[in-house]
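Naming follows writing order (A, B and C), and every chain is counted from residue 1.
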Amino acid sequence: MINTDPKVVDTILQIIEILGTLAFAISGIRHAAARHYDWFGGFVCGIAVAIGGGTLRDVMLNATPFWMTSPMYILCTLMAQFIVIVFARSLKRLDNAWFAFDTLGLALFTIAGLQKTLDYGHPIWVAIIMGCITGSAGGVLRDVLLNKIPVIFRKEIYAMASVCGGVLYWIMISLHVSVALSAIATFLFIVVIRFLAVKYHISLPVLKGE
Amino acid sequence: MINTDPKVVDTILQIIEILGTLAFAISGIRHAAARHYDWFGGFVCGIAVAIGGGTLRDVMLNATPFWMTSPMYILCTLMAQFIVIVFARSLKRLDNAWFAFDTLGLALFTIAGLQKTLDYGHPIWVAIIMGCITGSAGGVLRDVLLNKIPVIFRKEIYAMASVCGGVLYWIMISLHVSVALSAIATFLFIVVIRFLAVKYHISLPVLKGE
Amino acid sequence: MINTDPKVVDTILQIIEILGTLAFAISGIRHAAARHYDWFGGFVCGIAVAIGGGTLRDVMLNATPFWMTSPMYILCTLMAQFIVIVFARSLKRLDNAWFAFDTLGLALFTIAGLQKTLDYGHPIWVAIIMGCITGSAGGVLRDVLLNKIPVIFRKEIYAMASVCGGVLYWIMISLHVSVALSAIATFLFIVVIRFLAVKYHISLPVLKGE
């Protein structure tokens, strides 16, 4: 039986959000470290991954950016910075954990983006795009701040997992499946796609240059 | 005699908008192809050119970004992607056509930016800047996503054609010329400047570095 | 005795704002010149530094971007462009003056960002972040448009001076010191930190890459 006590669900969601935010922030800070940025530069790259996508979404939805309503995201980024500075050597051994948390974050942020956009009264195709932006635009912003080619435009499937999740959500909602069940299925679907993509190095076809 | 039946005018404007959006998206996708981006990266670069300028304008005007109100822009970008993938070899021969459509797009998007900004009650100098942003910021965003120096900062006159059009619009409106006639004159003025700039390689002076 | 006639204070603030905007715009245009951008590219880089941070703040605060309410910022950037083009050779000798104006600008824009954010009803930790964004995001945008690694992520303390100022402001307001006195102390504090940082080459620690 799935425990559907709202309090338990809420706590689980909050734990996933913290782990996802931590993983996103750590990804930004570690990339900054590879470029020998200073602590401030690392913090900006970390926060960019953690809140960049959701902030772009909120600005386009004409909503107050979500990070301005709770200090949780700033605190997670500060903790991520502490972890990267103090445990720099041990981090590499934990790569699998960070990958797992990052995937949970991608799935959760996608669903948050989908639902917030629908709550604001926009059609589902806008919500799918916003879900994708929420999950993956932060990583693009990070690479822009690092003066690099955005990695998600050339590596294994990442943003497309988010889009596929959005399409599944659309189908399930259209078939009158409950919102909670649709969200859980979407969450698992995104996680599975992302895991398979990395495990079997599945990428999208590359465009042929002239 | 110019046909001023509103339906005919509307249809012409819509055709220009579709051709312009197609040309803008194709420019983004072809640049992405030259960098060996995957299909997702190509789509993002395409949509960035097609909607980037107008979205920046709408966010600053505190308006709902225009692309969220009709799926037309997403569909045009998908069609552009299909064209680039399937007809990659033939595209080069059509360069003159894409240049023409891109110029029509620049002129149309400039006027759309001018008029929307005035509709929101801002002064004409803000509208001229917004017209220029609507027409040319998408191309800058594309180059940022490609990790390249923005081409419009160093090549033939592009954004300045849009600014000159805005100034002509200002003068005509101040002289109490009708909005329709001012818009048509501005449209043609921008197209002519851009054609002449490319034909005779007219650029702005270059700043001297120290 | 400090002259507290509101008119005199207002005039002083306006002069600092014009000098700061000029210094910010000149920094953008000179960097563009080093990349051999044309006049349009120079103008865009100049305006990016001058208004980029404040515009990002205003978009997130859901306010009309400040530069749309007065042509002062555009005119300052045009004047900056004129100065760079005509006096290119003499500018180098004035580097100390530009550094001083830039520091005044950083301090003033930080306080403007702090106070505007508090006026919009956000908590102080949001205001500190917004103060930092107002003062330093324009420089990051400039470097993105120049396709360079943002300089403030690797050089002497810059954005952190703004954050320290914000924290001082917080402490003073919490101790019920008057807004005017808190603002003056914050202003001087930021200026002193920045001067000391450049004079003694004080930087933040660098993150260690793996």
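Here is the rule we go by: contacts are C-beta pairs under 8 Å (C-beta built on N, C-alpha and C of every residue); 3 or more make two chains touch, one makes a residue touch a chain.
By chain, with names taken from UniProt: A, B, C = Trimeric intracellular cation channel family protein.
Because the structure is predicted, anything quoted here is derived from the model rather than measured.
By the residue-number overlap criterion, the interface of subunit A with subunit C counts as different, with under half of its numbers used by both chains. Chain copies subunit A and subunit B are related through a rotation whose angle, from the C-alpha fit, is 120° to the nearest 5.
Spacing of subunit A relative to subunit C, judged by their CA centroids, is 31 angstrom. Chain contacts: subunit A has residues 59, 62, 144, 147 touching two or more partner chains.
Considering their complex, residues 59-60, 62, 122, 125-126, 129, 140, 143-144, 147-150, 152-154, 159-160, 203-210 of subunit A touch subunit B. The part of subunit A that touches subunit C in the complex is made up of residues 29-30, 32-42, 44-45, 55, 59, 62, 64-65, 68, 71, 74, 84-85, 88, 91-92, 144-147.
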